[in-house]
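Same chain, two partners: chain A is paired with chain B first, then with chain C.
The block that comes next holds the complex of A and B.
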């Protein structure tokens, strides 16, 4: 599913997740800021990047806790109105991290929650990407995750390119009234 | 040539699509006497004054620029035809009317270079803009129905430029849905969460617009 050369995939694996050590680990105290000697104790709760957590899980050295942006509160929020939830501030690689966590946690609903989220937000992205203003950055982009931004930009850029092509040269005449500023009502 | 300007998306720019449209054939009425032109793509002519002859659009425009001919606008660019198409377009919210594949670009080129040969240019232009808007709105409302089970999209009678605008978006949207509707991701949820079969009955392709 993921490609070795996919930059987005690599960056998604940098996201921190909280893990619970099942075994004590000697000599890796650097991972746990609260450890006093150079060891991580059994049962210690540590935030690690996803790529490391993945490996530790496969060696059965750690449990992975589901990040807070997949908890019930967020899911309720998503059910209410998927289009308004601010994903970016929670996790810019929401979908990427989610997909990678599915085999690592025992939460069976995670996969369908991701699909539900995507489906709910897709329609919004579709409408706004083709109708967004050319110059300014639309407000909606502030709440999109990285994956959604790519989708949004694809639609927006091709529409902008088309509009530019349509307007270039002598093709469109601008009506004389359009350039004028409207006078305030009071002065008339 | 596809995607020279943007290799990642493998799309044409609008200018590239316009270039492709210049190969379409169009009738001109020359006003000079000239022998047959032997081109790699074929022989055109001989040109005799007032005798219509069929040439590619790029040749027509080159001759027009030198005032050597008059371009005859294609049949579909008449006010009556376009009014009819616009009406049909509005009445059939689920299908596209047949128009030339390069209608956006051809009309654009003719308006650029042969405006004086078009009867009623203002009306024709606004009709064309309306038709394009109506059709694009249909594409958008069709795209709203995309979901996890869509693996391909069928768009009949869609024009080159219209396809080109939505291509990057559709491709990425389908990729996203394909990734997230993966059986590995959904499977565990299906048997315990909800009773509806989530990923079992996959439809190979969805018809966005019926024939």
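The block that comes next holds the complex of A and C.
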């Protein structure tokens, strides 16, 4: 599981989900844009970040609605051709949010849908990450979720390392923190 | 509490942009309004997430300047949550309610502030922790002395941390009499050909002083070259 300090995990929890309040709460008016006093009333329907929705659900203070990118229309689209669906514009943390929602929803098919999606897209990502030119940003990256982008980059790095090993290239390198560009020093 | 509300309202008044006014006017009905951009920015934990995404989107491994402004803003927000939490708790106590069992409006208000506080803390901790990992790597890659442009990207505590970590590693390496930062890839040959990237002047190599001029090629001990390559002063020469 993810660690307390994991940035990707933390940012996945920032994605908004739609929540229905089962209770009223005072002093948190900012959560509900249509409240006029500083309170949230029972039955208010608002978008909350996942980290808050998660805990409120566990304390039975709110219901969670599945985000629109897990609805039937998207699932049909995914069934037709997983490799072509633009996930990034829907939710950059598609899998992260999905996994966190599985225990919070009574939709039993969500987990298998996520698995189906990744399985359908994985081969394509792997092939393209191995074959794409190193310097360019291939088109396929524009529709990948954050998790898939990390997979893609891992694939690309391993391919670069393999090529270097085969060509017997340099093995020691300038530290990446210093940046790539060399300053034109010493030229008078 | 009334004073609190007045301040919040003032803040809304000041920070509403013309665009926001347009958006709010037409969507008056209950439960239909979405948050305006200014409200979105004031959402609990939003700034903390911003802080972390700055770090996460940093793909090329370069260290950025410590974001003091945003960091302080998050701490400010955490203080506000603490203050609100306390107010709710005091109010419940004054009403003679048992904080552990009562689940009224104040309880859930307090709960949300508590959760936000925990969330903000996690974001701040994560920011500091992940940066400290980068600072540790700097010691292995660049040695005990950092170049000036990297120095100024660290904040005071990170500089302290670097110094202490460096001392610790240094004294450990002295005690086992081995430089752990070299030979990170297994060597094939103890000597290596390098090209000099810049005029370095007199350098003490292998107990004798050598003048390294820009673009000259030298054969030198691998262990001595490794740290200089990592610092970007030399380049491995294959040709």
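The definition used in the following text is that the second predicted complex is superposed on the first by the 160 of 188 C-alpha atoms of A that agree within 3 Å, B and C clash if a C-alpha of one lies under 4 Å from a C-alpha of the other, contacts with A are read in each partner's own complex, and residues count from 1 in each chain.
Note that contacts are C-beta pairs under 8 Å (C-beta built on N, C-alpha and C of every residue); 3 or more make two chains touch, one makes a residue touch a chain.
On a predicted model such as this, the values are computed, not experimentally measured, just so you know.
S.K.: Classify the contacts of A:154 with the two partner chains as first (chain B alone), second (chain C alone), both, or neither.
M.R.: first
S.K.: Quick one: name whichever of chain B and chain C touches more residues of chain A.
M.R.: C
S.K.: Given the touch rule stated above, what does A:14 touch, chain B (first), chain C (second), both, or neither?
M.R.: A:14: touches chain C, not chain B.
S.K.: Regarding the shared-chain residue A:45, is it in contact with chain B (first), chain C (second), both, or neither?
M.R.: Only chain C is touched by A:45; chain B is not.
S.K.: Based on the superposed arrangement, let me know which partner A:119 touches: chain B (first), chain C (second), both, or neither?
M.R.: Once the two structures are laid over each other on A, A:119 reaches chain B alone.
S.K.: In the superposed arrangement, does A:26 touch chain B (first), chain C (second), both or neither?
M.R.: In the superposed model, A:26 contacts chain C only, not chain B.
S.K.: Which residues of chain A are in contact with chain B in one complex and with chain C in the other?
M.R.: 169-171
S.K.: Where on chain A does chain C make contact in their complex?
M.R.: 4-8, 10-11, 14, 23-31, 33-34, 38-39, 44-45, 47, 49, 51-52, 55-56, 59, 61, 153, 168-180, 182, 185-186
S.K.: Along chain A, where are the residues that touch chain B in the complex?
M.R.: The contact residues of chain A facing chain B are 1, 95, 99, 102-103, 108-112, 114-115, 118-119, 122-123, 126-127, 129-130, 147, 150-151, 154-155, 157-159, 161-162, 164-166, 169-171.
S.K.: Residues of chain B touching chain A in their complex?
M.R.: 9, 11, 13-15, 18, 108, 111-112, 136, 140, 143-144, 146-148, 161, 164-169, 171-173, 176-177, 179-182, 184-190, 192-194, 198
S.K.: Enumerate the contact residues on chain C facing chain A in the complex.
M.R.: Going by the criterion above, the answer is residues 5, 8, 29-36, 39, 42-46, 49, 52-53, 55-56, 59-63, 84, 87-88, 103, 105-106, 108-113, 115-116, 119, 122-123, 125-126, 129-130, 134, 137-138, 141-142, 147, 150, 185, 192, 197-199, 214, 225-226, 229-232, 235-236, 238.
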